[in-house]
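These are the structures in question, set out in turn.
Look for chain A in each of the two complexes below; its partner is chain B in the first and chain C in the second.
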Partner chain A sequence: MKETLYSLDIGDFERLLTVIQSHFELYGPTVRDSAVVYEKVETTRDLPQGWVDDQAPGRYRLEKTDSPLFFGHVVGPQSWKKYLFPAREQLWSVKKESAQVKRSANPQKPMAFLGVRSCELAAIEVQDKVFSHGTQPDAFYHRRRNDLFIVAVNCTTSSRNCFCTSMNSGPKCNGNFDLALTEVLDGAIHRIVVEVKSKRAQDLIAPLHLKTPSPAEIAAAQHAVEENAKTMARSFSTEGLKESLQNSPDHPRWNKIAERCLDCANCTMVCPTCFCSSTVDTTDLTGDNAERWRQWDSCFNLEFSYIHGGEIRKSTASRYRQWLTHKLANWWDQFGTSGCVGCGRCISWCPVGIDLTEEATAIQEGQE
Partner chain B sequence: MNPSTKPKLAVWKFASCDGCQLSILDCEDELLAIADRIEIANFPEASRQVMDGPYDLSLVEGSVTTEHDRKRLLEVRKQSRFLVTIGACATAGGIQALRNFSDVKEFTSVVYARPEYISTLETSTPISDHIPVDFELRGCPINKEQLLEVIQAFLIGRKPNIAPHSVCVECKLSGKVCVMVAEGTPCLGPVTHAGCGALCPGYARGCYGCFGPMNSAQPKSLAQQWKRLGKSDAEIFRVFHTFNANAEPFRSMEKADAD
Partner chain C sequence: MDKSPHEWMTPTFVPILQVRPESSDTFSIELESEHFPSPGQFNMLYVFGVGEVPISVSRAKASRYIHTIRSVGAVTQALRKLKTGDLVGVRGPFGRGWPIEKAKGRDLLILAGGIGLAPLRPILDEAARNIEQFKNVTLLYGARKPSDCLFKEDWENWERAGINILATVDATETNWNRSVGVVTKLIPKVKFDPANAISFVCGPEIMMLFCVEALNNQGMEEHNIYLSMERNMKCAVGYCGHCQFGVDFICKQGPVFPYPALKSRLKVREI
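Up next is the complex of A and B:
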């Protein structure tokens, strides 16, 4: 459909959240435990208004400012995969007496995500390829994803660990969303320019009778996002990267990274595209009831590559190589896309600050 | 179920504080179900009634610190079909393994009025240093849910679902924010074996390493980060030398970072 723009003041924004909640369970950014995390939100008061984050390798600090912006922060430790692909989920259960496998229903009200950044839209599309496309779509993921209503946000600021421009995933939202917001600040006047992309979004907001933005507001919104793209501090050259990673299994850099890598799996847990899981079968004390669960797992966990006879990837170097090479190279062969969307989470949330862009560049350039 | 057909459980104590075996009694809601499935045959903390061995499942708490205990342990193994060690004392030597880094004779001369009455080994060592062990359950103390899981797995004849990876994974699975990255709080989570459910980070504290080293722990790299966060070599030495000091690779942190 044709792109339609509206302009919201804070009251309109509040009404928008209300109307979304009449149809969806609304999740968005909120401040908890010194970070912006994704949780259930109800009003604009739940949002991290004025909070900004300072990020560097192995470092994330949140600070409250006088800014009226709701989305002046960038991405935090969590990603939307926590809702679409939950950390732990029951798949089925069975009772000994009936011997009938009961597929878990996991009923859920349709979800709406508020504040999805361009890199996160890209990440959701990557996980769509993993879970929803192909011959065996994941029924749980597929249903949640089909029902999902996305309110995206165009980033007008980025952290030192962001590199979406290098991964062609932002900062402007181009993927599949229903609404996209851009906050515009002109002196004391704070407005939100809304782009409507889907028919259902148009129908949803019709009763709000929103204003059309002025040409100046449209220009300011566009300018803010473009300026952000121009000033993004981190860049990462991916030209020839796939080949050089795939041709460097014995590069000495892998062992060097392994001296720093903690094997803790944080990078994979915070990565919005990492999709590995393991299945766990449980039984109770009576032995009459069994359940099968799926939970996040990681190629950094030694036991993840365990098969009969032992683990395949025994060294830290081999596990880091597996992760980086899969993410940036083999992913292309498997899914036709990079597994990295440039969000920078793995850099910020690595406890020792290992920088994926630095390591991949070193391999590519043949540094030791 | 006929009592005679139920598997027999025995609980054994070596050098320890009893906290781990009391976790069994702490299973209040599940205790009846346990007693329904298992004959509690030898558990002096719970009952004076002691049945003779052999036992189907032995839970062994505590470390080996005396020659007498070492011999007793061999007898326990003979009497046990399946033997599981529970807690940091049994799996790593416990806090009392700090003696392994010191002079025990000097300690006894300072602490006891009549040191000649003390008959003890120079070391405190895990049970698995002396006998084959079927499963080791970590923690100081152990986690009650994990103990139930081990018992359930034993009853059904499957491998217990006890993850050997880092506490970080538990933090992330439960949506907790990393205290090290977001607050600069030194945390042992990245090198520590999961099992507690990331208890301390959930209360904005760094992990203390109660469950000992995880299966691919890299404490040297973590120690470098602790230094960047302002911790001294002496403080770093100390955090690796608590309940699981004798477990590698925490044990080796002595020489590398203590000077």
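Up next is the complex of A and C:
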């Protein structure tokens, strides 16, 4: 459909959140434990208004400012995969006596995500591909994904770890969303320009009778996103990177990274596209009832590659190599896309500040 | 049980029809099945409350099949304790097996090490049943010691059908009139037409690498050599990521691969 724009003041925005919640469970950014996380939100008061984040390799700090912006921060430690691909979910249960396996249904009200950044839209598209490529589509994922309503946000600011412009994933939202918001600040006047992309979003907001934005508002919104793109500090050249990584399994740099890497798996947990999981089989204390759970796993865990007789990837170097080569190279062969969307989470949340753009570049350039 | 899209993640419980010891640490269980796995495919076997393991099919017949299992971990040890009539959860069959059609009309060399004979037994059964469809069929088998050699009761049938068996052990015991040493040493003893031969190999990776080299030395072309790979398979449907071997998911693209598809990675350590 043709794109339609509206202009919201704070009251309109509040009403928008209300109308979304009449159809969906609404999840959005909120401040908890000194970080912006994604949780159930109800009103604009739940949003991290005025909070900005300072990110650098191994660094994430929140700071409260006087800014009226709701989305003046960028991405925190969590990504939307916590809802679409939960860290732990039951697949089935079985009673010993009947041996009848009962699949877990996990019934759920359809979800709406508020504040999905362009890199996160890209990450959701990546996981859509991942969870469609198996023997059969992953029904657990797609059941949640199919009904999802997405309220995206165009980023007008970046952290020092952001590199979406290098990965063609932002900062302007171009993917599959229902609504996209751009916050515009003109002196004390704070408005939100809304782009409507889907028919269902148009139907949803019709009762709100929203105003059309002025040409100045539209221009300001566009300018804010373009300026952000121009001033993004980090860049990453991916030309020829796939071949370089796939042809460099013996590069000395892997051992050098291993001197710093703690195998903590933080990068894989915060990554919005990492999809590895394990199955965990349990019984209750009586031994009569068993369950199977699926939970996130990481290629940085030693037992990840266990087969009888020992683990395949014993060294940290081999595990880091697996992660980076998979993410930036093998992903192309497997899913026709990079596994990296340039969100920078793995850089911020690495306790020792390993920077994947720096390491990949070093391998590409043959540095030791 | 409803057959929603999740049937592949959900086991079906079937009774064990028969348990049979094969060697000191290896045993077979026979299960009822509505599926007919093709040779080289595997199933996920679940022991109630303990866990699940990928196990190849070592013989398939109408409505039943056999799994041959070496008890090395928690789940395989739990499997070993099960008796006739006990229930096992089964998911499968999964993966791509041996390209047996490509072997017809050609010399077929089957190379197996230890428990690696299990996923190749359906091929030997098929060759024995339809020996006229193949040229020379040879089994080259290596085991640790004579008592570890699997499926000895089948050897006579296979030989009678016209399959040539050359076996070797690392260390001999009494009553062993075959070879001693590594399996690759048997390869030069086999006469085959390199222009019209194919080889199926299953065993430890290092053994398979040396087999490829030895087959190569005898003129076998690389694209005619097929290997069965092993990695940690958890979901078996291509989602959990555990069985990745470079760009491939062993559960989906494998476990059987033509050697050229693996060549660049097989010698990479810890990949």
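FYI, the second predicted complex is superposed on the first by the 364 of 368 C-alpha atoms of A that agree within 3 Å, B and C clash if a C-alpha of one lies under 4 Å from a C-alpha of the other, contacts with A are read in each partner's own complex, and residues count from 1 in each chain.
FYI, a residue touches a chain if its C-beta (ideal position, glycine included) is under 8 Å from a C-beta of that chain, and two chains touch if they have at least 3 such contacts.
The structure displayed is predicted, hence computed values, not measured ones.
Asker: Would you sort A:Glu227 into first (chain B), second (chain C), both or neither based on which partner it touches?
Answerer: neither
Asker: For A:Thr282 in the superposed arrangement: first (chain B), second (chain C), both or neither?
Answerer: both
Asker: Does chain B (first) or chain C (second) touch A:Pro249, or do both, or does neither?
Answerer: In the superposition, A:Pro249 contacts chain C only.
Asker: May I ask you to decide whether A:Glu365 touches chain B, chain C, both, or neither, giving the answer as first, second, both or neither?
Answerer: Neither: A:Glu365 stays clear of chain B and chain C.
Asker: If you stack the two complexes on chain A, which partner ends up touching A:Asp33: first (chain B), second (chain C), both, or neither?
Answerer: first
Asker: Touching chain B and also chain C: which chain A residues?
Answerer: Chain A residues touching both partners: 281-283, 287.
Asker: In their complex, what parts of chain C are in touch with chain A?
Answerer: 1-2, 4-6, 8-13, 46, 48-52, 70, 72-73, 76, 87, 89, 94, 230-232, 234-242, 244, 246-247, 249, 252, 268-271
Asker: What residues on chain A touch chain C, complex-wise?
Answerer: My answer: residues 91-92, 94, 96, 99-101, 103, 130-131, 133-140, 246, 249-250, 275-279, 281-283, 287, 290, 294, 297, 299, 304-309, 312-315, 317-318, 322, 326, 330, 333-334.
Asker: Applying the document's contact rule, which stretches of chain A touch chain B when the two form their complex?
Answerer: That would be residues 32-35, 37, 58-62, 77-78, 82, 87-88, 259-266, 269-270, 280-287, 295-296, 298, 301-303, 316, 348-353 of chain A.
Asker: Across the complex, what residues on chain B touch chain A?
Answerer: Residue positions touching the partner: 30, 33-34, 36-37, 148-149, 151-153, 155-156, 158, 161, 163-166, 168-169, 172-178, 180-184, 187, 189-191, 204, 214-218, 221-222, 224-225.
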